[in-house]
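Order as written gives the chain letters A, B, C and D; numbering starts at 1 within each chain.
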Amino acid sequence: MIGEIPKKCKVAQLVEYGKPLEIREVTIPQEVEPNAVLVRNEMAGMCGSDVHQWHGRLGIKAPLPNIPGHETLGRIVKLGEGRTHDCAGDPLKVGDRILWLHVNCGDCYWCRIYRQPHVCPNRIWYAYHCCEEYPHLWGGFAEYSYLLPKTEVVKVPEELSNEEAVGVGCAFRTAVSACERLGGYGVQESVVIQGAGPIALYSLVLAREGGAGKIIVVGAPEKRLALARKWGADHTINIDDVSDAAARRQTILELTQGRGPDVVVEGSGGRTAFREGLEMIRRGGRYVVIGQSSLENTDNIVPGMVTLKHLTIVGNAGALISHFHTALRFIVNKRDKYNFADIISNKYSLEQVNEALAAMESGKEIKAVIVP
Amino acid sequence: MIGEIPKKCKVAQLVEYGKPLEIREVTIPQEVEPNAVLVRNEMAGMCGSDVHQWHGRLGIKAPLPNIPGHETLGRIVKLGEGRTHDCAGDPLKVGDRILWLHVNCGDCYWCRIYRQPHVCPNRIWYAYHCCEEYPHLWGGFAEYSYLLPKTEVVKVPEELSNEEAVGVGCAFRTAVSACERLGGYGVQESVVIQGAGPIALYSLVLAREGGAGKIIVVGAPEKRLALARKWGADHTINIDDVSDAAARRQTILELTQGRGPDVVVEGSGGRTAFREGLEMIRRGGRYVVIGQSSLENTDNIVPGMVTLKHLTIVGNAGALISHFHTALRFIVNKRDKYNFADIISNKYSLEQVNEALAAMESGKEIKAVIVP
Amino acid sequence: MIGEIPKKCKVAQLVEYGKPLEIREVTIPQEVEPNAVLVRNEMAGMCGSDVHQWHGRLGIKAPLPNIPGHETLGRIVKLGEGRTHDCAGDPLKVGDRILWLHVNCGDCYWCRIYRQPHVCPNRIWYAYHCCEEYPHLWGGFAEYSYLLPKTEVVKVPEELSNEEAVGVGCAFRTAVSACERLGGYGVQESVVIQGAGPIALYSLVLAREGGAGKIIVVGAPEKRLALARKWGADHTINIDDVSDAAARRQTILELTQGRGPDVVVEGSGGRTAFREGLEMIRRGGRYVVIGQSSLENTDNIVPGMVTLKHLTIVGNAGALISHFHTALRFIVNKRDKYNFADIISNKYSLEQVNEALAAMESGKEIKAVIVP
Amino acid sequence: MIGEIPKKCKVAQLVEYGKPLEIREVTIPQEVEPNAVLVRNEMAGMCGSDVHQWHGRLGIKAPLPNIPGHETLGRIVKLGEGRTHDCAGDPLKVGDRILWLHVNCGDCYWCRIYRQPHVCPNRIWYAYHCCEEYPHLWGGFAEYSYLLPKTEVVKVPEELSNEEAVGVGCAFRTAVSACERLGGYGVQESVVIQGAGPIALYSLVLAREGGAGKIIVVGAPEKRLALARKWGADHTINIDDVSDAAARRQTILELTQGRGPDVVVEGSGGRTAFREGLEMIRRGGRYVVIGQSSLENTDNIVPGMVTLKHLTIVGNAGALISHFHTALRFIVNKRDKYNFADIISNKYSLEQVNEALAAMESGKEIKAVIVP
C-alpha cells in the first residue's frame, strides 16, 4: 500500500534566524531500527512558537539548521521491530495515522524520581534539533519524519479527519495537560481565557465541557474571537478594540459581579499577559499559565498580589502522551457539537512555508497548517 | 483578681506616617457587649509589617491615627455575655490569656461561598483601624484591647510563657496556614526558606518537623541565622556576605545536587525575593509566597519560568483561627526540643515603642516585643 | 400580597414509625426573632431518606413526633430584623422564594478547627426535630416553616419554577458537594453512577457537564433510566432486568474496554451497592459514596480491594450553603439544555402525603413533591 | 573483586502450599543480557505476606514452585551492558549493593495513560514467579537473584548497614508510597496506626517526622510495641491485652478528646482491621489502607459510615522506585535519631527459612531476615 521508500524527500529548513526557510532535500533512512518508525507526514500544524523559533527567541534551544514543525500528523511507512501498538495498547500497522511526543529520557531524576517527565532535562526535541544529525527528519515541515525508538506515539482514530486531529500534536494536548494541572474546573466557576489562538481555543472547549460557568475570552483578531463565541465563549473582548488593560479589567469585573474571575487561563504568550492576569483574577483565584514560552520576555509585576490575593498559580510545560490520547477521545466524543476543523484557517504547501509563517506572525490565521 | 477597670489606659498612636508614635491616653469601655471581650495586653509582638505600617506602605490600609500591634497576647478582664469558650471549645474565664484574629465578616461571598475567609474583603482589622472609632482599643501597642463580638479567640495553654506564645498571634499562625496551602512537605523534600525573620523561622520548624530533607535558610543578619541553625537549618546563607543573587543560587544548586530546591518558602518580604525564588527553584518545584505584603513593590520577572519550569506557586494571606490553635499545639508538643522563646530577642516597654520600631527596621532584632 | 399570618397551619406529623403520617394543626409563631424567617412552604421534595425516616431507620435520629420534609422551597412571609440578604449577598424581602440548610453550630471543633461543617455534631436538623419543641414548624410537609436565626438561606432566582428548583434543597446540593469532594472529573473519564433517583440523576448532569466521557447509569425503574438517557447517560443498566451483580459488572467491563470505570458514584443507597462498586471500579479508580445513609445496613466486602486496587474513596455527608448557590447557578445556565422539572414525576397535596410516601417506597416516582 | 560465578546456587523453594520450603540447587545464568543484573543476595527480609504466600492465600498469584523473598538486598556480581546507573542517576558498578522493584511493563494503559504503575496488570513479580522459568532466580530466599533488563534498581548508600536498609525493599518503600497517597500529615494531626509490624513501624516514623501530633499504635506483641514507643509512639495499645475492639475504641476516643483520630493508617493486615478503622476514625478523617493484602478475607462493615462520617479512604498498593530512593534518604538523614536496624529482630540462614516462617507466623519476630 505504501510501496517503495524514496531515497530523498523535501524538507523546509531554518538555516538562519529570521531568514526565509529553505526547501532542501535530505536523505531518508531506508532501514528503521527496532521500535523506530518512518512516517509520511500528512499535515503539520503551525503554532505561535514556530514564529518564535524562526526568530530565535524560543525558551527551548533549537540549533541550526533545523526543520521546524512539532505538531505533525503522519502515516506509518515502516515500523521498527517490536513497535506493535500505540500508547493506549491499540495495534499499529503500516498505513495507520499517528501523532507523537518529543522523547523524554525516562531515566533521569525528573522522569523516575519526581515523575514529572514534563520537564525532563534530557528531552530530545523534534523540530528543535539540528537536522544535520542522523536521522535528519526531525521536523514536521517535511515530507517524512523518522521517530526514534523511544518515541511515544498515539494512533489517530479512523473517523477523524487530519484537520480535526492535527492540533492534538501540540496545542490541544498541552491544553489538556494544563487543565489537569489546574485540577479541572469547579462547578460553574467563572473563567477568563487570555488569548484566542489554538491553545486558548482548546482551553475554551475544555472549560466549556469541563464544568465552567461564564467564560470570557480576551484576544484578537475578530476571526479568532468569532470561533471562540461559536465554541461557547459567553463573552469576548477584542484587545485591538480595547487596548487598555485597565479597561479590559473593568469589563471583566463587571461580568464577574465585581469579584473577578475564579480561574484565569493564560494561553496568549502576550508580553504583559501575566501581569494582567494577576490583576484581574479574584482574591483566592487560580491561575494556569501555559502561553509564556519565552525566557527572554520579562514583565514588571507586583509580587504582593500573589500573597495578598491568596492566589494559586500553576505553570504547564508541554504534555505527556496520555494527554494526546485524552484529547483524541475528547474530539471523537464531541465532534457532533464542535467542528474541530474550524481551527484550521488555512492550508499551505511545503513550498509556501514562509508565506504561512508570515501569516501566523501577522495574526491573520487561527492555525495554519502545512500539507507537505 | 483583676479588680476594677481603669477609666483610661495608655496606647501608642501612629499619628503621622514615618513620625514617632505618640503615647496617649484613651478611654476604656466600662461595659462590654455580648460576646465582646476586654483584654489587658501582656505582650505585643512587633513584625516587619509594623515597620511598613509606620511608613504607610502596607498593602492593607491603616487609617490614621491608629494603634499598631496586631500580634497581641492578653489576659481577659471582662467577658461579654455568651462568650463562654474559645474556638476549640475550651471554656473561657476572666484571667485567661488569649490570642485573637482580625474579624472576618462571615457573611460575604468569600466567607460563605468561596469558603476563603483568608481574603474576606469586609474584614475588620485590628491595629489597622482608626482609633478614634469606638471602642478605640484596636491595637496591641496599648495597655488594653477591646475585642468585637465576632472576634475569634484562642486560649493560651497555661504551661506556655508569653514569650513562647506571642508569635502565634501573627507570624506563627501565618506560617501554619502557608504550610497548609503548600500541602505540606513530601518526605525528604529539599527546602529553601527565603528570609530569617519570625515567619521564616516558624516556617523552618514546620518544615523540619513536617518531613523535609535538607533545609537551607537564606537571610540576615547572623543573629537570626544562628537561631535558624539551632532550630534545624542544615545550611544558612547570609545575604549580607553573599550579596549577589547569582552566587546564592549557585551555592543552593550545589547543595541540591544541581537540581535546585523542591520547595521554596518566601518569608522575607524582600524586594527581589520573588524573582530570586523563581530562578532558584527546581523544574517542577513548589513555591509558597508569604512575605510579600506590599502592593507598592514591583519586580521584574520572567513569566516564562512559571510555564517552562512547570511551577506551582501559592500565595498565603494571613490565617484562620484554626491555625492559631494548631500553632499552639505545636509549641506545647515541641517545646522540649525548641526553645520558642528564643525568637524574642528583646523586650521594650510601651514608652520604648519607637526604639523598638527602629531596632526592627535596622534588622537588629529577630522579634521585638512590647510589654505594655 | 402576603397579608396576615394565620394563627395555625396544617402539618403532616410522623407520630409512630411506619404508621401513616397524621395531618394536624400547629401554632404559627406570630413574631420572628432577629435573623429568623417565617416561610410559606410552596413545595417540599420527597426523597428516599423520607421513607427511611418514616420507618425509623435513618442514620440521623429524628425524635417523634416530627414533621418530615427537608427539601423545601418557600416564600418569605416575615423577615427577622437583621436578615437582609442571602448567602451570596442578594437582598431578601418578603415574598422572595428561598431554600435553606440545616443549622450548623458554627462554633464546634468541626465548624471552626477542622472547617468541615458537613459533619457538625451539634447540627440542628430541620425535619428531624421533635415538633413539640418551639417553633414547631421544623419540616417541609407543612404549610409553613420557621427558620432559626442562624439558618443559612439562598434566594431562588426569579426565572426558575418551583419544579426546577426544589431539588436543590437536598438532592442537588448534595450532588454538588459530592462532586467537589471527588475533585471533579478528569477530561473524558468514564463514570458509573449507581442509582437512578434524584441524587444519581443530578450527579449524572454534573458528570455530563463536568468533563466525563462515557457515563453508565445502573438503576431502576425504567422511568428513571429513561430520564437518565434523556439527560445524557450513554448507557443504562436496569437492575430489575439484570438482577445479577456479576452480569452487570461484566457489561460494565465491556463498556469500559475491560478496565472498569475510572469513577464510580454511589447514589443509590442500595444495600449491596458499596460492595458492587468496589468490585466494578478499575484499579486506581475513584469512588464517591453519597447514597449510603443508614447506619443499620451492613455489607460484606473485601477490604483487600481497597489496597490491591489502589482505590481512592470519598464519602460525602450533606452539603454547605455554597453548594445550594452553585446548584442554582447550574440550573439557570443549563435549563435550555435540560428540563430540570422532569425530575418531578408527581405532585401531591399535604393530605396525600401517605400516598406520596407509598409511591416513593414502591419506586414508582422519580421524585414526588408535596404542594402544601 | 567478585570473581567467578558459580554454576549453581542454593535456593529455598515453595513446592506445596503450607508445606516446608525445600532447599534446592538451581543453575545460575552465566551471561547477563543487556541491562540485566546478576546479584549476590546479602539479606532478604521476611514479611507478613511471605506467610500468606506460604499458605497460598495471597491476593497476588504465586505459581508453584516459587522462591519467596521479595525484600532483598544484594551486591552486584555482573552488570548487563547499558546498565550504568541507578534510578537516581548514581553510577553502578560490580560490588555495589542494590535494592529493586518488581517489573512494571511501562507500556500498558495503567503505566502510560493512567500513570499508575502501582497497579500495572502486566507486572512481572519477583518471588511470585514460577522458578522453573528462566532465569530461575526470582526470589530473595536464595543465594543469587537475576534481575530482568527492565528492573528498576536503587543503590544502597555505603554508610548504611544491610540491617538498616533491607526493609526498604518492601515495607518501608510501601509506607513511603502510602504516606504520599495520604497527602502527608497536617500539622499536629492525631494518628492511629493499626498494626505494629514493619509497615506499621515505618509508617510510625514517617508520621513522627512528618508533622503528626499524637500517635497511637495498636498492635502486638509487646516486643513490637516497645519498639513503637522507642520510635516515638505516644501511646500503644496491646490487642492481646485489650482484645475487645470497643474497648480499644474507647481508649482511643479518650486519647483524642472524644473526637477520634484525624488519620488512621491500616498497616496490620488484620481480619477486622478495616471495620475497626472505620469505627474509630473521627468524622471527616482520612484513612490510608496498606495492610489488607488478601482478596479472600471479607469483613462486615457499615457502608453508611463512609458517607455519614464524610471519610476519605485511600488504598495503597506497593510502591515505585522513587519511594525506595526516598526511604533510603530518610534513613541516611534520620539514623542518628532512630536505630533502623532495631526492626530486624532475628537473622536466619537459608537453611533455617522454615524456622523463620514459623517465627513470623507466631508473631515472635518484628522482622526476621534470611542471610543466604
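In this text, a residue touches a chain if its C-beta (ideal position, glycine included) is under 8 Å from a C-beta of that chain, and two chains touch if they have at least 3 such contacts.
Since we're looking at a predicted model, the values are computed, not measured.
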| item | value |
| --- | --- |
| Chain pair with the higher count of C-beta pairs in contact (A-D, B-D) | B-D |
| Length of the line joining the C-alpha centres of chain A and chain D, rounded to whole Å | 42 |
| Of all residues in chain A, the ones touching two or more other chains | 109, 114, 326 |
| Topology of the chain contact graph, where touching chains are joined (line, ring, star, complete, other) | complete |
| Complex contacts: residues of chain B adjacent to chain D | 176, 179-180, 183-188, 206, 209-211, 213, 326, 329-330, 333 |
| Footprint of chain C on chain D - complex, ascending | 59-60, 109-110, 114, 116, 118-119, 121, 181, 257, 259, 273-274, 283-284, 289-317 |
| Contact set on chain C toward chain B in their complex | 87-89, 108-109, 112-115, 152, 320-322, 325-326 |
